[in-house]
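Multiple structures follow.
Here come two complexes built around chain A, the first alongside chain B, the second alongside chain C.
Right after this comes the complex of A and B.
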């Protein structure tokens, strides 16, 4: 066992661990803090991949990841949380026990799917893909268990983190994809920002469940 | 400059340049005209590409028999939609439903959307295709939110959440495909190029390829509105502006299916992978039956036809899942016919809503007696979408059913049942909407009907007679799909 894969697995494992930590946070500021931590570890992981795969252009991806997901978006979301005065709101999340168990089941599933003896995938990509799939499924779990628009957005960005992890773990993945994932995060932010502000304007709340009252189906 | 000389440059550059120009034009009337002009130029460029197909377009783009069909279709529907949108927006503004600042960015967004869809079809790189579909999704989300009502915001938010989850799953699938291809093909673009993937697919790890396809199917299946991933679709169709509904149903759903088919071709080239057919047939049949039943409970006319789109996407997914030259041929024909007919339906519905001032079906009655021309156009459009002769959807549905009879008689029975239920739903509503005592009108005049006529006459033409070269060409593509 050499040193290089160990480091990348350690970082991927950290990302997965932070995903678990996000699952049970019931207030927005700590949730956002953990998301920042996850993005930081992800940026580190990309930097390591850049060094390890000898692909300097991955450093740009790392920089974008750091700038957008660890600084810019959290800053905007903090501002938003303060402005909407929802930083003290306790969100009803599915209990810690059930969500942890569901999370572990999902991680088990992704390991079972990807970590098989004979799967022919090059380099460290196989383990990274398994971690990425776990983070992706945990992000999905978070999105379905939350009702607050801000935490759904954070769940979505955790999914994007997992995609970046998978894309950078795959050796020599064309550069096009990497920048575009980071870029799409930015675009998503614009969209999200527009939506959140409008939702606030219209409903005086960011609780998505309120949206459900306006079903177009009712006569 | 080489991009300009590139034969495919036109269909990519015209929307791009038009979008840049339109971003600076404040007057919506002028913007509408430029939009129509740009769409017409794109149509010409697409026809040129059809007639003089270049042999090579560089490493990123490729024109083959498969995507050229959809490029031309995109250009036709894109053009007729701009013409419809011009009248629609002018009326919405004069009637006060929308303010000019609401649609300030409608036209540039429309052009970027067209450009993104064209590039998604034209590119031979899986990653680039994904990026374009993502851009198209983001733009349609913004467009659905244009009316800024409670309902449209809810619809856009729902579309955003489901659409981005879908698109994330599709990207994960794409990365998985790259990861299985990379050890065989080598690093870089080659392991993302569809032709290379198909050529080397036999050496890929079959299990991982299966896993990748499941992600692709769920991800792009969300974009195509297949049951049970359809929840965003009726809301987005009903609450967004009507030209956006036409584009969503006519073009964007097709793009989801197109992406799935590209990857299905890779899967088909590896003998050890699972057969993707049963999965697609299951999703398809579930969509058909579910949407057919849902037709009966609808009270909103746009939502009603949105469910009909889910049904047709189900028929298409079923046809390609069935596989074989006949079913693939039918699937391709159905995609083309559905996008022409359904965009035509939404143009008609836009005009009907303008007359009656509502989209509640209970308030719309007796169209044929109050406005014979519009009323009978509406009847023709519904007959076309219901899959009755002499329209092209009859031909394609008939072929799907007969292919299914040969290969899977039991499933064919379920399909026919679904089709009959939806036929009943459509005609039950058509009877109320088009015949009987007319309901009061909010306005007397409706917009121009010729964009509808263009779409429907193409559907009619291909229903009556499919020219030899066109048939040969569809057959060739059907063979490619395996």
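Right after this comes the complex of A and C.
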């Protein structure tokens, strides 16, 4: 039994665990801190993959991941939270218990899917794909269950994290794809930032359930 | 030789237990910039309580007076089964994780009954809350044990320790998840801060202290000692399963046992200080959020079992 797959497995598991921690957390600043932690672990995981697969360009991906996801985006979101004055609000979500159970079911689903369908793929790529799919589904779950637009953004960023995890786990993913994913996240951040202020200007809140009424979905 | 060691361990767990409680209290006091009571204060408290006359309510049944002895005996038995400074493989099937949990559940049952016995409001309230916590904590604990059993292939504590000690084992995500879950359960079971506050008798949300409010004198001494022993048990349990390094294997020589003993004391100290630091840095949860807190431990157990299935290929 070699040491290498253990480490990458461990780091991916940490990322998945932090996704669950995000689902559990209902206040915005701690949520952001958990997101920072997830991005840091992801950067570590990419660095490990760079060393393990002997592909030094992955180090650039790790640096981008660290700079953008662990420093820049959290900083912008944190100033956003401060300026919107919502850093003390406690979110009323669907309920931590049910969303946790749904999360477990999603993890089970993605494990069953990847492990059965791709039994032929050897090495860590298969497990990394399973982890990435779980993190992606958990991010989606977070976007669905939260009503606050900022936590939906964090859910979206977690999905981006899962894409990077999947991309680095698989061997031979072109470097262009990874940089594109990173920059798409940045562009999304800018668009979302503008969008948030527009919602806020119009409705005096970033609770997206108000939008339902505006669209005429509720009487 | 081995019989002597086993007897030594049985005496040791009860002799060290108040000291561990003292270290936790001292750590908390120092972090709050108080001087705090001395480390041996819990021993003095026990001595004092043993000298005092127990006051028993008129309508108390035999259960009320018998419960402290039973609770202490059960907790002591459970604590003696957990490996401490050496791996007690000679105990055979007795040193089993599920056995320990079962004995502790019996002690909890007796405590809840004793709380209800006199019929005061606080006792009943405490008992009902204790059962609410137990009804979530025990499944979570069993789930964690099952995930550990999936990883290690056994539920016997010395064998689990041997498995974790083996050099072929690398970083294992399932073990880390189980560790986190078990630490959360330990905090909840010992009535520590996010779940219950062990340092107050004045809170409406108290659980353990509400149940033992009617006890005094030697009865209270037994219950306090049982509580300290339970704390030591959980620290030893976590140390034995997740950081078994340093424990003397069965059939080694005297020097190994001395080393094991030193390591064991260090582990206890680290555990007690870590608990104190954790308690100071966190706020108490509302009682009705406690099942959520323990639910996370249950989820960690499930996740550990799931991830174990993923890493089966490794």
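Here, the second predicted complex is superposed on the first by the 211 of 219 C-alpha atoms of A that agree within 3 Å, B and C clash if a C-alpha of one lies under 4 Å from a C-alpha of the other, contacts with A are read in each partner's own complex, and residues count from 1 in each chain.
We take it that a contact is a pair of C-beta atoms (placed from the backbone, for glycine too) under 8 Å apart; a residue touches a chain by one contact, two chains touch by 3 or more.
Because the structure is predicted, anything quoted here is derived from the model rather than measured.
Here chain B and chain C are compared by how many residues of chain A each touches, and B touches more. When the two structures are aligned on the shared chain, A:116 is found in touch with chain B, with no touch to chain C. Within the superposed three-chain model, A:152 lies in touch with chain B and out of touch with chain C [touch as defined at top]. Shared-chain residue A:143: touches chain B; no touch with chain C.
Once the two complexes are overlaid on the shared chain, A:7 sits against chain C while remaining clear of chain B. By the touch criterion defined above, A:129 reaches chain B but does not reach chain C.
By the touch criterion defined above, A:166 reaches chain B but does not reach chain C.
Counting contacts by the rule stated earlier, residues 126 of chain A appear in both its interface with chain B and its interface with chain C.
Across the complex, chain A meets chain C through its residues 1, 3, 5-7, 9-10, 12-14, 16-17, 20, 24, 96-97, 100, 104, 107-108, 111, 115, 126-127, 130-131. Chain contact summary for the complex, chain C toward chain A: residues 168, 170-174, 176-177, 291-292, 295-296, 299, 302-303, 306-307, 309-311, 313-314. By the touch criterion stated above, chain A contacts chain B in their complex at residues 113-114, 116, 118-122, 125-126, 129, 132-133, 136, 140, 143, 149, 152, 156, 159-160, 162-163, 166-167, 170-174, 176-177, 180-181, 184, 187-188, 191-192, 194-195, 198-199, 202-203, 208, 211-212, 214-217, 219.
Touching chain A in their complex are the following residues of chain B: 125, 127-128, 130-131, 134-135, 138, 141-142, 145, 148, 150-151, 153-158, 160-161, 164-165, 168-169, 171-172, 174-176, 178-180, 182-184, 186-189, 191-192, 204-205, 207-208, 211, 235, 238-239, 298-300, 303, 360, 362.
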